[in-house]
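Each remark here refers to the structure printed beneath this line.
Letters A, B, C, D and E mark the chains as written, and numbering starts fresh at 1 in each.
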Amino acid sequence: MAAIHVIQGHLKLLLGHFQLDSGEFELPLQGVTVLFGRSGSGKSTLLRAISGLDKQTEGLLRVNGQVWQNGKHSLPTPQRHIGFVFQDAALFPHMSVRQNLLYGLKRLPKAERKAAEADFEGIVTRVGIADKLDRGVNFLSGGERQRVAIARALLMRPKLLCMDEPLSALDWRSKSELLKLIEDVVAEYRIPMLYITHAPAEVERLADRVVFMKDGRIETIETLQEALARPDSPLFDDQGAVSVLHGQPLPSQEGLHPIRLGSDTLWLSEGADTQREQVRARILARDVSIALSDPKDLSVINHLYCEIVELVESAAPRLLVRLQMQDGQKLFAEVTTHSARRLGLQPGQKVYALIKAVSLTE
Amino acid sequence: MLELFGTSVNLAPIWLTLEVAAITTVVLLLLGTPLAWWMAKMRSSNKVVLEALVALPLVLPPTVLGFYLLIIFNPTGPVTEFLRFFGFEGQLTFSKTGLVIGSVFYSLPFAVQPLMHAFEAIPQRLLDAASTLRASFLDRFFTIVVPLSQRGFLVAATLAFAHTVGEFGVVLMVGGNIPGQTRMVSIDIFDHVESLEYDQAHILSAMMLIFSLCVLMLVYGLNRRFGVKVG
Amino acid sequence: PAMADTANIAVAANFTKTIEEIGQVFEKQTGHQVKFAFGPTGKLYAQIKNGAPFDAFFGADEKRPLKTAEDGIGIEKSYFVYAQGQIALYSAKYPVAEHALEVLKEAKFNHLAIANPKTAPYGERAEAYLQKVGLYDGVKAKLVNGESIAHAFQYVVTNNAEIGFVALSQLVDPQSPVYQKGQYWIVPQSEYKPINQGAILTQRGANNVAATAFMEFVKTPKAIEIIQRYGYNVQ
Amino acid sequence: MAAIHVIQGHLKLLLGHFQLDSGEFELPLQGVTVLFGRSGSGKSTLLRAISGLDKQTEGLLRVNGQVWQNGKHSLPTPQRHIGFVFQDAALFPHMSVRQNLLYGLKRLPKAERKAAEADFEGIVTRVGIADKLDRGVNFLSGGERQRVAIARALLMRPKLLCMDEPLSALDWRSKSELLKLIEDVVAEYRIPMLYITHAPAEVERLADRVVFMKDGRIETIETLQEALARPDSPLFDDQGAVSVLHGQPLPSQEGLHPIRLGSDTLWLSEGADTQREQVRARILARDVSIALSDPKDLSVINHLYCEIVELVESAAPRLLVRLQMQDGQKLFAEVTTHSARRLGLQPGQKVYALIKAVSLTE
Amino acid sequence: MLELFGTSVNLAPIWLTLEVAAITTVVLLLLGTPLAWWMAKMRSSNKVVLEALVALPLVLPPTVLGFYLLIIFNPTGPVTEFLRFFGFEGQLTFSKTGLVIGSVFYSLPFAVQPLMHAFEAIPQRLLDAASTLRASFLDRFFTIVVPLSQRGFLVAATLAFAHTVGEFGVVLMVGGNIPGQTRMVSIDIFDHVESLEYDQAHILSAMMLIFSLCVLMLVYGLNRRFGVKVG
């Protein structure tokens, strides 16, 4: 009576002085699950254990009803039908791009191979490496290498896609291009994904749920909304509090790209993909200002009518203001204690949240 | 027979030497590869013992090694008996088989050490990536490990070959210096010196030297040029 | 001959050229084939003892061929002495032809080459001779040991030792690098125990027509003439 | 009649297929000079040539009146009295931290050594590695390694300090700590510095002047103000236009840290060092909004009265508005074309620039 | 003399062997270090030729090498004349000097190759950093290169030592087998075999084997443990 469409288990692995002991866990085999935690907390080790790449793994692992690990007995990696994208791409240096891509294909059973070969053109074009197929992989930039790695994994039509910090070695431009690519790929191919990253921005953009790890254990598993709801979330360590708003993209007007949030409209200067049903807008709390009345002669275009839910002490002299929008979504604003006092902010008060169009990122 | 500078040189030992060296090299690569892989992946302290054992032929004077091989390979000895059991006929010593086995022992460190170092240098991630692309162990070995260790194989093969060509003690002891069967160049040179035919000795030595120099230069040249960078 | 056969014969390295010449004549006369394997006598013995496929063994001394008989590999009754080595004192620098003993007594040279007395009969006899004439202590510090008589000869030829006890056979060979160069003095046979080189047939060779024929052939005048020409005595 | 307090010369260096040919250049030997340019433009190569680390360098180089390079003849690096901090610290792995620090000291002439030894405590404490002196360098974090490398270079009392991307291998937290450290060190020890970075934020924070490099040539040498004045500056490729305002720090009030800009005051939430005469505030154009009247009931605390100098077309649908503050300093604001039209913005108009305290970084 | 299992073993050759091997190792390190450094820094295609030349002693049978050394080292030959010019007295052959020179030739590749690889692995930045810290070339060499190449030195020293201990042909040819002066263990074993004293041969061989195994294990063990990671 093994549950399907879930990964469940309890994995242990001793590496030198480091002990991974995940504890019992269960994850839906659907959408994007991000592993998040400090360096050395065992994220990579857990992902390798799940992939069967470490022979010393022990414990139990069931994926989609199939036993992958039982005590010391483990299903060999080639039979797990997973895809894996490593931080540094791990392309085979003695092969061309095409040979790298075909390496896995050739090892598929015949029926699957046919289907995969039919996908080849599509995926290669989608990932943007169609014109680089015959290059040696040593002549690719870091971003191109990762594209090839992603295509190589996708071509295998894996049942689970694992990515270990696929973007961390890249410069910001390649990073943002590839993030978009991964997002699209997730939406298009609907492959469940386990994704490791240090960057909260990537979590907020991709994650459906977050697995927080610490000292080799899984601390909690939360949905993205839960993870973003608590002001002390580890996701906020870097750039401060962040809100992620879900909305429906609308056709663009006057060069701006509106998205619908219940009865409100949020104007983005960067285009969201209108094909999609839902998009996410990521808003840094420090980019949100609060006005008591609706200001008229201001260049800021997004004025959202909200109610103050709570004032949370943050690092002085700053306060975190939790706002509730008309459609019920939560929004953080960061203001100085000075301003809060001056404006007399308090829970229950109705205010306008001002967000510059340009400070939105999707 | 070849006439060179008015001296006739018997080419048979040269061909035999090349043949034995080639066979030895092939055997060494076949045996050395799994051994080197196993040693490269070893973590325990046994590795140290194994490394020392593999390096041991370096320390033994070849004649001493030859003497013991002679005792071990003797037709009524345990090794031959053991092989008999599997249908082996004939004799290990005084035959090409014996020469090859002796040379394999003698040149073992020269093949195993470069291979081991090459294997140790292959990033685990590449093998992991191949695993997730459904390549089995042997599949990974031949499609990833071997091509990425080509430098190691090249060095191992050259050193093993060169060392076998230059071998003397073991060959003389185990082989028995039988013309056309076990008389290799090194022994032939020695014989010429013994029987005062210094001219032949000089010519043979020069031929060996030049040939070896060419082979070595070729290998080191290739090594620089087409070494695939891993990274 | 009705049945031509091939024999493998182990021969002490110092006898290489002599036996090759005898072999050629033998092959021409009988149609048999003989293949020689050369090497230091001790090594050949070790090989034979460990099953080397030799039909006959021509040693550089008597001890080791006889030992094969003791081991049950050699056939004792086939044993015979096929040659006697002669010791000569050679030098390119000193007047040894006329004044050998004076040169040895003065001992002005840096090195006197002999074969290793422990392993080579030539060396042993040379050392015994020096002791007998009372010169050993005077030259003891200057002795250098070649591994074989050929090796001792190389020391002399390459000038590393100015003087040395070598085999007469190495001096009278027209191909020898010192042929008709320098001076030598043949140590009178009466002064030392003969260097008997013994040959023996092995069990394996007993049924080999070529091997038995060759053993006999070595005793013929034609062979003896060759052996003597290379500087050996024959009883 | 060689000029003192300048680096002047013309350096050439052929490395494989890459040709460095700086062209004639002259730089004041004072303050921080940043080398900026795309990857592969030859920044590192130029710095190595200036340091004498590449034996094949040719050309001419005079530093402070002393000839460092003349044709193929070059003054050996050890005699140039420079300090060098490499991207990966380049600590000696077989020595402890203390041994690394003392390595150079021991090689100074006696008189200098005495002085340097007297500095030891001070520098080590300043750099924050006083408690790690007896550790092996392999047991340091990336940030700590760079601290040691900086201390090691400072201890030599170099006449010129060269840094090749000293922060690029670090995570954001170590980065910001070290940036502060470098800034302080520059102010305290007044050592002229050549600094390579890819990050505009670092340029804006540290640079007095910028050397823009391209394809092995020096393109232009500009002061930071010049480099920031043109809307198409390469410094803006990453986060869009940026303004850097210079001001005098004032004592903090109500947890906020004011700095004086002429008659205006800018309120920062992060503390600037009040010891310093002058500090820089870095303001992203997209964090600046424009209001026609001074809004009262708004959490934004900085309302600066400005005049619109110019409207610059940027990537649609955005406009870059160049403002002039009352003290004459320039400030960029980024607004949508939509807002600009709605508010009827045009050159000469007086407006208020709104900047959230929290969006300032120093 | 040592009594072992009722057989008396002469220890003099063992001491001599250790002495010659030790001196050879020192000389090889002294000569091999600059040569290896030079080769490591070389860019041109001459490097290939040099690498091949250094590897050549591998190919030559030691007895042949020994024979040519006899010719070259002879007291009226060019090498001795050359050394005379510098005040050298005496003779190269039949002396420890000759043994050492012969062994140096023979074991050259074993010292130079590991050193070269160790030197090639030292990151240029570390040397650059030392330059900016006012270290001169020799200073950098002894304070940075040497400590970071200790693995290379260890391997070079062991291989050179082991190979010299196991050397036979060259020593036999050049040494003159003078008891107490040039009779090394390998020759001693050979002599015992020649004169049918197999017991002594076995005992000596066993001692050599065990000793060598211990040394090798020690070295490979150290190698794993205290290898400084460069990074």
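The rule we apply is simple: a residue touches a chain if its C-beta (ideal position, glycine included) is under 8 Å from a C-beta of that chain, and two chains touch if they have at least 3 such contacts.
Source: prediction; values computed, not measured.
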Fewest hops from chain B to chain C - one hop per pair of touching chains: 1
Chain whose mean Cα position lies farthest from chain E: A
Intercentroid distance (Cα basis), chain E paired with chain A, Å: 60
Centre distance in Å when chain C and chain D are each reduced to the mean of their C-alpha atoms: 89
Centroid distance [mean C-alpha coordinates] between chain D and chain A, Å: 33
Chain A, residues touching no fewer than two other chains: none
Shared-contact residues (touching 2 or more other chains) in chain E: 67, 190, 193
Junction residues of chain C - those touching two or more other chains: 43, 46, 154
In contact (per the touch rule at the top): chain pairs: A-B, A-D, B-C, B-E, C-E, D-E
Residue ranges of chain C in contact with chain E within the complex: 40-43, 45-46, 64, 67, 110-111, 113, 116, 118-119, 143-147, 151, 154-155, 158-161
Chain C-touching residues of chain E, taken from the complex the two chains share: 67, 70-71, 73-77, 91, 93-94, 172-173, 176-178, 187, 190-191, 193-196
Chain D to chain E touching residues, read off their complex: 48, 51-53, 76-84, 86, 88, 90-94, 103-104, 107-108, 138, 152-153, 156, 158, 162
Residues on chain E engaged by chain D in the complex (per definition of touch): 123, 125-126, 128-136, 139, 143-144, 147-148, 228-231
Complex contact set, residues of chain E against chain B: 45, 47-49, 51-53, 55-56, 58-64, 67-68, 110, 159, 162-163, 165-169, 185-186, 189-190, 193, 201, 205, 208-209, 212-213, 216-217, 220-221, 224
